[in-house]
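Note that the chains take the letters A, B, C and D in the order they are written out, and that residue 1 is the start of every chain.
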Amino acid sequence: MSGNTFGKLFTVTTFGESHGAALGCIIDGCPPGLELSEADMQRDLDRRKPGTSRHTTQRREADEVRILSGVFEGKTTGTPIGLLIENTDQRSKDYSKIASQFRPAHADYTYMHKYGVRDYRGGGRSSARETAMRVAAGAVARKFLEQRLGIRIRGYLSQLGPIRAEKLDWEQVHQNPFFCPDADKVPEMEAYMDALRKEGDSIGARINVVAENVPPGLGEPIFDRLDADLAHALMSINAVKGVEIGAGFDSVEQKGTEHRDEMTPEGFLSNNAGGVLGGISSGQPIVASMALKPTSSLRLPGRSIDVDGNPVEVITTGRHDPCVGIRATPIAEAMMAIVLMDHYLRHRGQNGDVQVSTPIIGQL
Amino acid sequence: MSGNTFGKLFTVTTFGESHGAALGCIIDGCPPGLELSEADMQRDLDRRKPGTSRHTTQRREADEVRILSGVFEGKTTGTPIGLLIENTDQRSKDYSKIASQFRPAHADYTYMHKYGVRDYRGGGRSSARETAMRVAAGAVARKFLEQRLGIRIRGYLSQLGPIRAEKLDWEQVHQNPFFCPDADKVPEMEAYMDALRKEGDSIGARINVVAENVPPGLGEPIFDRLDADLAHALMSINAVKGVEIGAGFDSVEQKGTEHRDEMTPEGFLSNNAGGVLGGISSGQPIVASMALKPTSSLRLPGRSIDVDGNPVEVITTGRHDPCVGIRATPIAEAMMAIVLMDHYLRHRGQNGDVQVSTPIIGQL
Amino acid sequence: MSGNTFGKLFTVTTFGESHGAALGCIIDGCPPGLELSEADMQRDLDRRKPGTSRHTTQRREADEVRILSGVFEGKTTGTPIGLLIENTDQRSKDYSKIASQFRPAHADYTYMHKYGVRDYRGGGRSSARETAMRVAAGAVARKFLEQRLGIRIRGYLSQLGPIRAEKLDWEQVHQNPFFCPDADKVPEMEAYMDALRKEGDSIGARINVVAENVPPGLGEPIFDRLDADLAHALMSINAVKGVEIGAGFDSVEQKGTEHRDEMTPEGFLSNNAGGVLGGISSGQPIVASMALKPTSSLRLPGRSIDVDGNPVEVITTGRHDPCVGIRATPIAEAMMAIVLMDHYLRHRGQNGDVQVSTPIIGQL
Amino acid sequence: MSGNTFGKLFTVTTFGESHGAALGCIIDGCPPGLELSEADMQRDLDRRKPGTSRHTTQRREADEVRILSGVFEGKTTGTPIGLLIENTDQRSKDYSKIASQFRPAHADYTYMHKYGVRDYRGGGRSSARETAMRVAAGAVARKFLEQRLGIRIRGYLSQLGPIRAEKLDWEQVHQNPFFCPDADKVPEMEAYMDALRKEGDSIGARINVVAENVPPGLGEPIFDRLDADLAHALMSINAVKGVEIGAGFDSVEQKGTEHRDEMTPEGFLSNNAGGVLGGISSGQPIVASMALKPTSSLRLPGRSIDVDGNPVEVITTGRHDPCVGIRATPIAEAMMAIVLMDHYLRHRGQNGDVQVSTPIIGQL
């Protein structure tokens, strides 16, 4: 109940601080019989890993995950899967300033209020480093969903500060360091980031994530709607300030005749719903979008207070992402995968298995 | 786990269909000793009630709530509070069409896929009528938060289709049928809605909700961040397609120097965070916003299919809100109250009570 | 989390005080498509109902249950099932004494410590009257288990004070007011109870409950072992002080060669395990037993204190069961049914459906 | 929901197989500010450790626990505490027989039915080795309870097969390898165990556990009664077949006048309740007792079947405890500590802190 667990049937519980001994996670409720090895997770971990381009933090973490339990002779056994990533690149440095000051827009101030104590090294528990474990756990969910149901989950950066991707070419997403699906915008992004880094400032971003081939029927009506759980999952990612499903905030100005997705025997004629009706998947692609704020770790000085309430000027040195959104795509995919996995198991528990083969109507 | 419960320590579990015998709810975990009567809930229920202006559905429901347990001699006892609202205005009508057709953008199609059976009368469980119980439960949370912590939760309609409120005058919010805080825009909204009704179409809306005087320290880091739980709560309201905290999607184009809320000994200098840092309340006002889609129950015909997969033209007669957002403000406030209440108890469980009197720094 | 909910996937949440307006319950997670009417529950409610013989309390409650939601056209819809029993026989009486005194061995003292306030009328929430709702909910579970899996759940009184049933003749269980399976002991029990009533004292009892035809594979290893959940469920019944599975406390003096249930291709050769190995059902009958303490509501005076800490002599008048165990058999059956139902759904969620038809080996 | 987590606010989630890479656990919800080091856990781990006398298994495990997170500068931070014990003494051996046979009274058969796959090395997840993590987690709870509330939790072996302890001398408990509180019985136990080992058989045991100085008010009425959660916790320990609270099964033959614990201004006059009334602690010592079955790993041949359903004769060689009860005392204490800790936090969440200093009446 202290918020370190996500999911009801497929549960992911994480631990670990940025500069502690290790990050870890327990996946409970994974169905038995799934072929699983470290390599399945490493692929996604490497996509999130820092230091792969000049546009992300230069902290170098191997982020090598070890499976400690729950897998036997290459297959999941149905028992909890323990995962561990040892922290390797914790530079010893002088933490006295960070220990006594509250960095603006960081969790320093609120953790102190909540707990009366905090591990200030590198942000401690509030560091986005924690998301490595989500990516590892998401890889397990993703593999199951793909093998069992043919679900494909993919994300991309749709906007970096003022620059919007205008084309969605999935082939391009992994051809550039931004997960940008519009090749034409990549040079602009490169230039923008280079200028930003020089300037010492940071910028926000928007990530979209799409799940295709999701069978209709997943999601619990009322409080645990599929979209509500997705909003929960995505908003729980560090720096996220907004979540949309389907048409999202555009719905505000839409008329009913425009928004409603009409149906024909061949399928839906539009997808303003983003694949969710009444909280339950419709068989259309699940489409979500999230806003990430600019990172607050800047070398440009900011006004703040110290732990005694005195005014201070804070400068954050060290290795930080000038745009945390750049590495967020694999995290968003992972959270989408975990949500869908959890809802698949929940659905199967109450209602029996989904009909994979014969949707009533086709997909858009 | 079937999604009809919200909250971990202050839990709200609802039941009931739109045209069934009754709606009900169990509030579990309410602290003992709170003075409580039906009147406390009725005030908010009446604000959500249909039929109070020509701009909402003309269905007339008394929505009179009865407390069946958990209150003794005018005070909560700490045992579960059972609430009941009997349904009174269920017109007997011919449901044969609605039984055999899937209304576009409704939950008909997805419920059928999920359960293989559905109560089609008035939308059954997927009807927004269910939210009456959230409002009743929210009133309990709100009262506790106000009395114990001095928290004030208020919402308003910030946009109705293309018309945006430009002033935030809390006094105005209850002076018009829209919960609009900008008196100058009310005539425009009136005219817009009249035209829309004539046209037979519907429109979306945006609701903002603000909690003031929230002590710093509420919220669980990682998955159950205060903002993540809020996103979950708001996205679980019927018709909601997007949620923002603080600067929300504007964060995408903000630079770090602009977004980060600097602090001085006198308080924060801005509130882009919306009162939440690292998932934990900062003592600033909690600010959330949500987008509601236009209602899909239209008398303008729409293409769809019947239960056998044949094409049909669907016309929805009956009494429906042309803008579901108009009645949504009390629901958003209720969900905000439930989230804060739950997190207050969760915080108190792990960390002991909050320091109400002496925040380190003042509020903006 | 305030303990009024049982189950993880098939959840039962109850509310209501002994002398309040009503008792109620929400069953969430029930699979759709189950034929269900009030009559299905009434049968078991009537078995638990007081006043059916001279050996139980003469309080007369109709205990008529109403289904308020979740059932449509005679079948469950998968949405929450709201149940209500209005209290009818609350005699108005003078509660001033009971309000100011703590009855020995009652929850008066502990509720007061916990909540600082209590509904003292008839025991309030701590009254065994609450178990009516468990019986109603258990009837739903029982019906599903029987229809879907062929599971049969039956209980009986195996001991009433010093008198032990020595034969297990299921036909006899419903031929006497004690649920005693040994007809020869009934006259002795009748005489014992008559003497006890005259004396003004009360007595304990032991109830056994057996589930047959449970498929192997139900139960979660480690903390939510099937037997651990059963122990939880049975110990949560008012007045229960001990729970055994299979050989129970006899295991203490058994040697391994005696206790271990050997297997042959035709089945197990004994059932000391009580149908559970490593926390998971083995396909053998699940066998549990529980001890109920004598009721503490006696007209024989007992020493106690009042709310101010002064010594008082407490005499409990009113209508009470001299042996609460007599009416406990349907409650034990109900809790067993709820546990098995919950574990069936949990199993199906993680592992897919059980193989009903082809157990590896036969049952004993 | 797959049963590897215990607790609602103070949650313990474990992973790991007997012969896998490591055992681990995440403690979530621990209050911040508690001084904690590995040594606090090691003390209890060493008490449970195998190989400390000739009467337990000769498997040698260092059982050295590492804290991986949640502790900073010697104090808990309120974030999850990750614990790890690497497995060191996994002898490589021939598992072909154990892989193809179901050992009688083991979880082999049921795991296979549940998951269709199992890690058969040393019992895999069903091995009592998992309880090492419970002991580690329990040590954290125990330390908090002691420091914050002055609660003391102690257990002892009250019966080993036919030999009952007749005196309760706490000083003796740690003076012998059995946790026996009656020094006079120790030689008899030694002789009994030596004979048993020679014989190749095993025997059951009974463990009692007592918590003193528990404040009144802990426990949630109805389903999560303190005694129900205790029964759940104790029954979840490997080999446990029965649980009693207070008078337990003796209640069956007690009359109400005998069982009810009368109160005077100086305190209770007896403790048949075992410290729990209506599911809530009364301030008296919490007293529980549990039965452990004899271990089923015997070198004396037993009839069973193989995975193909053919009859086989099973002989279990290797290093096994002839009486699993001998090492169970620290595990029972740990589970009691976790239950009390969880209920303390749950109580504090809903009701605010307990009054530690001024119980209304004294303890017995």
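To be clear about the criterion, a contact is a pair of C-beta atoms (placed from the backbone, for glycine too) under 8 Å apart; a residue touches a chain by one contact, two chains touch by 3 or more.
Note that the coordinates shown come from a computational prediction; the quantities given were computed from them, not determined experimentally.
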item: More contacts between chains, B-D or B-C; value: B-C
item: Distance-maximising chain from chain C - centres being C-alpha averages; value: A
item: Rounded Å distance between chain A and chain B, as computed from the means of their C-alpha atoms; value: 26
item: Chain centre separation in whole Å, for chain C relative to chain B (CA means); value: 38
item: Distance from chain D to chain B - Cα centre to Cα centre, in angstrom; value: 45
item: Multi-chain contact residues (two or more partners), chain C; value: 1-2, 4-5, 8-9, 14, 29, 32, 78-79, 114-116, 125, 221, 346, 349-351
item: Of all residues in chain A, those that touch chain C in their complex; value: 1, 9, 29-32, 78-79, 221, 345-346, 348-353
item: Contacting residues of chain C [partner chain D, same complex]; value: 1-6, 8-9, 14, 102, 104-107, 109-111, 113-116, 125-126, 130, 159, 161-162, 196, 201-206, 216-225, 227-236, 241-265, 269, 272-274, 276-283, 291-296, 298, 300, 302-305, 309-311, 322, 346-347, 349-351, 360-361
item: Residues of chain C touching chain B in the complex; value: 1-2, 4-5, 8-9, 11, 13-17, 20-24, 26, 28-29, 32-33, 66-70, 72, 75, 77-82, 84, 114-119, 124-125
